[in-house]
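Supplied in structure tokens, the structure appears directly below.
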Amino acid sequence: MTENNLVLQAKGITKKFPGVLANDHVDFDLRAGEIHALLGENGAGKSTLMNILYGLYNQDEGEIFINGKPINISTPNDAIGHGIGMVHQHFMLIPVFTVAENIMLGAETLHREKEAKSPLVKLDRREVAQRIKELSQQYGLDINPNAIVGELPVGIQQRVEIIKALYRNANILILDEPSAVLTPQEVEDLFRIMRELTRRGVSIIFITHKLKEVLAVTDRITVMRSGRVVGSADPKQTNQQELASMMVGREVLLRVKKEASNPGEDVLQVDNLHVRDLRNLDVVSGVSFDVRKGEVLGIAGVQGNGQTELVEALTGLRPTKEGRVTLAGKDVTGKPPRTITEAGLAHIPEDRQRHGLVLSYPVADNMILNTYYLSPFAKGITIQQKAVDDQAQRLIKNFDVRTPSAYVTASKLSGGNQQKVIVARELSRKINLLIANQPTRGLDVGSIEYIHKEIISLRDQGVGVLLVSAELDEIMALSDRIAVMYRGKVVAIVAADKVSRDQLGLWMAGSNPD
Amino acid sequence: MDWKRFGFIALIIAVLFTIVVLIGGKSQPAILIISSMLGTTIAVATPLTLGALSGIYCERSGVVNIGIEGMMLAAAFFGWLGAIYMSSIFGFQALPSLLVGLLIAMLTGGLFAALHALLSVTFKVDQIIGGTVINILAVGVTGFLNRQLFFEKGSIFGGQVPHGPGTFTTIYIPIDKAVNGLCGLLGSDCSVAAKAASDVLSQKPIAMAAVLLVVVSHYILFNTRWGLRTRAVGEHPKAADTVGINVTFMRYANVIIGGALAGLGGAYMTLESIASFEPLMTNGRGFIALAAMIFGNWTPFGAWSAALVFGASQAFQIKLQLFRELIPAQWSFLQNAYVVGMVPYLLTMLILTGIIGKNIPPAADGVAYEK
Amino acid sequence: MKKLYLVLTVLVLAALVLPACGPTTPDCTKEEVFCVGLVTDVGKIDDKSFNQSAWEGVKQAESELGAIVQYIETTDAKDYAKNIATFADEGYDVIVTVGFNLGVDTRAAAPTYPNVKFIGIDQDQFEGTIDNVSGLVFPEDQAGFLVGALAAMMTETGKVGGVFGTDAVPPVWRFGEGYRAGAAYIDPAVEVFVVYHSDVGFDKTFTDPEWGAATAKSMIDQGADVIFGGGGKTGNGAVEGAAQAGAYAIGVDSDQYYTLPNAAPRLLSSAMKLITPGVFDLIKLAKDGSFPAGNFYGDAGYAPYHDLDSMVPAEVKAKMEEIAAALLDGSLKTNVPPVKP
Amino acid sequence: MPETEKNNSHPRGFAGLLKAAADAPLIIPILAILTAMIIGGVIIALVGGNPFAAYIGLFQGSFGSLKAISETAVWATPYILAGLAVSLAFKGGLFNIGAEGQLALGAVMAAWIGYALPDMLGVSLPKVVHLTLSVGLGMLTGALWAAIPGWLKAYTGGHEVINTIMMNYIALNLTSFLLNGPMKDPNPLNVSARTPEIAPSARLSPLFEGLRVHWGFIIALLIAVLVWWLLWKTTLGFEIRTVGANPDGAKYAGINVKRTIVLTMALSGLLAGMAGTIEVTGLNYRHELGFSIGYGFDAIAIALLGKTHPAGVVLASILFAAMRNGGTRMQFLTQIPVDIISVIQALILLFVAADAIIRYVYRIRGSEEKLVLTRGWGG
């Protein structure tokens, strides 16, 4: 390959944030028509680099070349002008807008022969919808331009993002963690689309931390760690283990070490549970299962199949319509969260910043968020600051929370340490059942490893664990039994060692287990 | 548009009007009562509508604006001051003086809004504080200057209020002639109705502009590039940023447009409704406008109809006082001004309980954008 | 930081120099210095209404009697006593307190400052005479009666209107009821609309010109062709609104031909309380040592027709003079009680 | 929501404030006040006044004599209580614009108990009972009035900003109705819209003979300490602050969010109502229509200036009280319109809120302290 083949080059990119060197003289390039993986842990600097390429940040040092010519990208507009498109990890879509409105936003008259400058130019909704239909047919991305984005499944929303880039004639596409929210089948579909795009001349930067996917779809791999490029690899000549150690700088255990489980009596019984959403439709319909002491029951399923609502109903955050929930022998159906917590529930919530923490509170207060009213933290109605401080010091030490002190606000901690605060708080009580919903989402490998270990050790102490995760690998690694949810129903419950990954994938996609 | 909401509001207005007609119908033709009440309704609704539109531009772009009251007050003062300067110091005719005043009022509103934008967008100060600063500042500045210019003997006006240019005059819409002509062809006499129709339609320019601006704002917000971008910035600024929209610019621009509209509302008070300025003359209208905006679910037509409810309630109250002697004994509570005075506020609270649907603010309203 | 120190240095220097250029006030405690202070009601000195009229009386004392004059605007009712004391403690000789609401505090201050003469405008001394307090009161009902009669004679539709601040303040109420009585005296068939603005709370009753204008307009819609506006800025709004709508307007307190220039072309007259001369007269009496304790009756009347002089028929003018004379000599009574029953 | 984002590494609450003061962030408010006064001075000078004379007058009028200090305290008393009311609501994530109405109705109730109860019971009550009932029931009235928008917020989603504004107008109408009708002083000599005087047994005593400052000022200071204690030292305070900072997190933590919202509004109304009762029992001895106009809105500015912390509210109240009170003497000495006070107050609030301006002008390093009170309208 010659230099001429490089559609994009970044040389010596450096970016400092207060206290952090996010990119340290990073070199990166992209060849025409290839899929180039950028691999790294959370916080390795991948997103910073991409945000620089896309003009959201401006680099402190370094140069960017498109087709060999140096260019200056200081705003997303510059990037778009140079044919760069980006699909962000958190979709940059406006939920209340239609698909067409989202796509035309910022490029309202692109479909016209001659672009209009006037800010008051009328929106040509029909023409844009037509153009979107054409594009979607061309790339095999089926989509309804008039649908409200917020009402679409995430997989479809991702297509909207891709079309948004293609609509702007992008020939360089940055995909930031695109598979995080998809089913294995949807991921396959995404890969098919990616290959289709490259066949049509689009070059793709694929950011991920999932090793399997990197090996499956990419042409080239670059690995970043703590702001630097630490190496590159050819997917045909490397393996997961090698990539993983490059990523974290040491050998990591990809499999969780655990003994066979030794389950006892039922700690959680769920019987014919029905939960409705705001539109009064069943989102959980007739779910029954139980969790035994000393076992991990994993709930697999694509996001949005009722897992969130199921967990919310079990933990008292959402009313139940019908059915019965028994926790440690107590009927807790429709009880408020406090009653359920007091019955011995620990809950690691799906959205840690929204539910699990009060970001503006110091770490110490977050450590007692749901026990503040109990002895020794409260005596009567007064809070015992000393007891709170002691508890914080103890938990910070025991759970290895990396924080300057117990009094910095939780917002100042990294995602992994925020999660540790929650885990520390929830496991510091005497509990019968742990419900962990997406406990490792967005965390670095080290933290994932830590949390997995905690879950297994809890299990071995005889606590029941209900694990909900969209990561099939996580479910398979930790669970003793696996339940699969599809459209609000549990379609199968099987022993973890008696099922294949492919079989689970099929069930998650709705194929009948019988 | 939200037809349920609209229908409900129309029903309230109809009920208020009907009660008055039932009471006063004995002494005056219903059509005259209605046209008079419509006149009051429009007069009261005009500054509220403009204030609410001001809020809509700000909040659709993601900036909460509780400073509408201050912007209106300052604009009312400076607009009036400008008009007086033009007519009494430079000797301009009434109309050009008023137009200059109008322009200055809108600029004043825009300037105060720019201060709000500076605080909320650039300094990322909590937006409630920015609005509060503007409200207090406007009271102080207008009160202080009003005194210095029109009372202190040494001032340019010699310590008294000069003969100003008056107010804008009514634009006559000759609908009565058309109706009369039509009725003439049909061989009937409908001159009363014709006059009533003409009285309602013939308004002063700012009142007319307010209605026009409702339509225009609806079009701009929902059918143009500017509106799409404005709403995008108010819903999800980061998404807008990633497609190359300058969030800061859009927010500044919309807040300043909002300020200019609030300024127009202020101009209505001193250049169109009455020809003088009084300290504190906005009397909480900015806050009622804010209520109208929320009541109208952040849409121009919704806010306008809410403003009309406030206007109709006011008309209801005035007319009931005028027809006091005619109120039947069993309805005597309607004679008490204080009881009637609570009506519009109770109605608003009732509506906000969600009986006509939930109010959904722009998702990023009130949140400073950090990259 | 350098700049900070610079600023702080300047401030410290300024603080040192300050006493040197502090305020210099004439020493009112001296026998030969005659000082007059005025305390407004909650409201402004430039209200184009009674505060301003009273202040003009005080200013007249400045120019004609050589008095040292000063005013304080009250921003909150709880400051009445303090504001009065501010003048009294400085040795002011006469303190004018403007408005019915200051009555209690004026009477309370009087025994504490026996050497100070208090003039209370609109403060009826019905609770008894205090030696150093004079209540300057006006027969507002007579002024209202006069313009009511004028309105009844000038109306072509047989309907006249009055827009007032609040019936909770007696002088305002007397204006309104006098107006009603005057119209009825001319022709009981004339329909009189009287509306008091009480709907939005006390703070706005006198400061809502928009409401005044809207109400006047509504009355005109109902057929009224003469509108009397009384009660601070709310009344001003009614006068302006009426004038704009082409009806005859009648002002209040002072001759509003001069204070509401925009309404002037349609201003028929004003129901006047001659506050300015009343205040001046009392100050003069105080200076001369013949201060009258108890109630002191100022004059009430109606203002000239000004621009509309040619529109008023001679017989109307004659009738007005006749009524005024009859009211003055007591042969005609308005039959309006001093306070709302 | 109303938590300062930056909490550094020192403990929160009162100790935190003292430590923070020692670390010198007080320099920002002080410079903000100075800057505002310099600008105010320039404006005075521009219109031909003498700014030094004006400020000397302002100072004399507010702190220049015992009497002046007493009057400043009299002004500060309702400011502190109403400011605390607004602050407490902010801490709970609620914007209470309705302090104005809660205050007025609290005062109505206090006055009614004050003048009517002995007659109704036919006995004269001991001071401790009568005064307690008068203040207590007045506070309760404010609490109930505020609980209505709280309930509407919690259970129907009706926004408290609009509902409290609406309820201000309703309260004013109600007060006007009562004071012009059933509660009007029946004394034939009375013509005002006001209640009869309250019985001596329902009055708070003055602190010193001959000065108007009364026990209400001391009570207000104690209440400030109590509010601080409530917010930072009790489980209820923890619940209020948690709901304010993160309602979803609060729900997760087992806090009854809806009940807490109603309770927060009620407590806020309780304090606002208290401001009204103290004015009646300590100063006016009756409810005269309109005595409290504007207190609710001043309270918002005070709460913002005090950064919603009780200690800050006390300081901000005294500052505002001093300026309002001293304004009289300033005007007496220089005839400068008192409106200049509003201009200076707005500028102080501006500079304290946007401390980046002050930091830039005086080249002070250090990160800004962001006060987050609202998340838009929240629904």
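Just a few scattered comments:
First chain written, first letter: the chains are A, B, C and D, and each begins at residue 1.
As a convention for this text, a contact is a pair of C-beta atoms (placed from the backbone, for glycine too) under 8 Å apart; a residue touches a chain by one contact, two chains touch by 3 or more.
Note that the structure is predicted; figures quoted are calculated from it, not measured.
Of all chains, C has its CA centroid at the greatest distance from the CA centroid of chain A.
Of the two interfaces, B-D and B-C, the higher number of touching C-beta pairs belongs to B-D. One inter-chain figure worth recording: chain C and chain D are separated by 33 Å, centre to centre, where each centre is the mean of the chain's CA atoms. If you average the CA atoms of chain A and of chain B, the two centres end up 47 Å from each other. Looking at chain A, one finds that none of its residues touch two or more other chains. The multi-chain contact residues of chain C, meaning those touching 2 or more other chains, are 198-200.
Residue positions of chain D with contacts to 2 or more other chains are 169, 173, 176, 180, 337, 372. Per the contact rule defined earlier, chains pair up in contact as A-B, A-D, B-C, B-D, C-D. Residue ranges on chain B touching chain D, taken from their complex, read 59, 64, 66, 119, 123-130, 132-137, 139-144, 147-148, 152, 154, 279, 284, 287-288, 290-291, 294-295, 336, 338-339, 341-342, 345-346, 348-349, 352-354, 358-362, 364-367.
For chain A in complex with chain B, the residues that touch the partner chain are 54, 56-57, 75-77, 80, 86, 88, 91-97, 101, 104-109, 116, 118-123, 164.
If you check the complex, the residues on chain B that touch chain C are 28, 32, 35-37, 39-40, 43-44, 47, 143, 146-147, 150-151, 161-164, 166-167, 199, 269, 273-276, 278-281, 283-284, 314-315, 317-319, 321-322, 337-338, 340-341. Taken in their complex, chain C has these residues touching chain B: 44-46, 48, 193, 195-196, 198-200, 204, 207-211, 213-215, 217-219, 221-223, 233, 236-237, 240-241, 244, 259-262, 264. Touching chain D in their complex are the following residues of chain C: 1-4, 7, 11, 14, 17-19, 21-23, 25, 37, 42, 70-73, 75-79, 81-83, 85-87, 90, 100-101, 126-127, 168-170, 198-203, 339-340.
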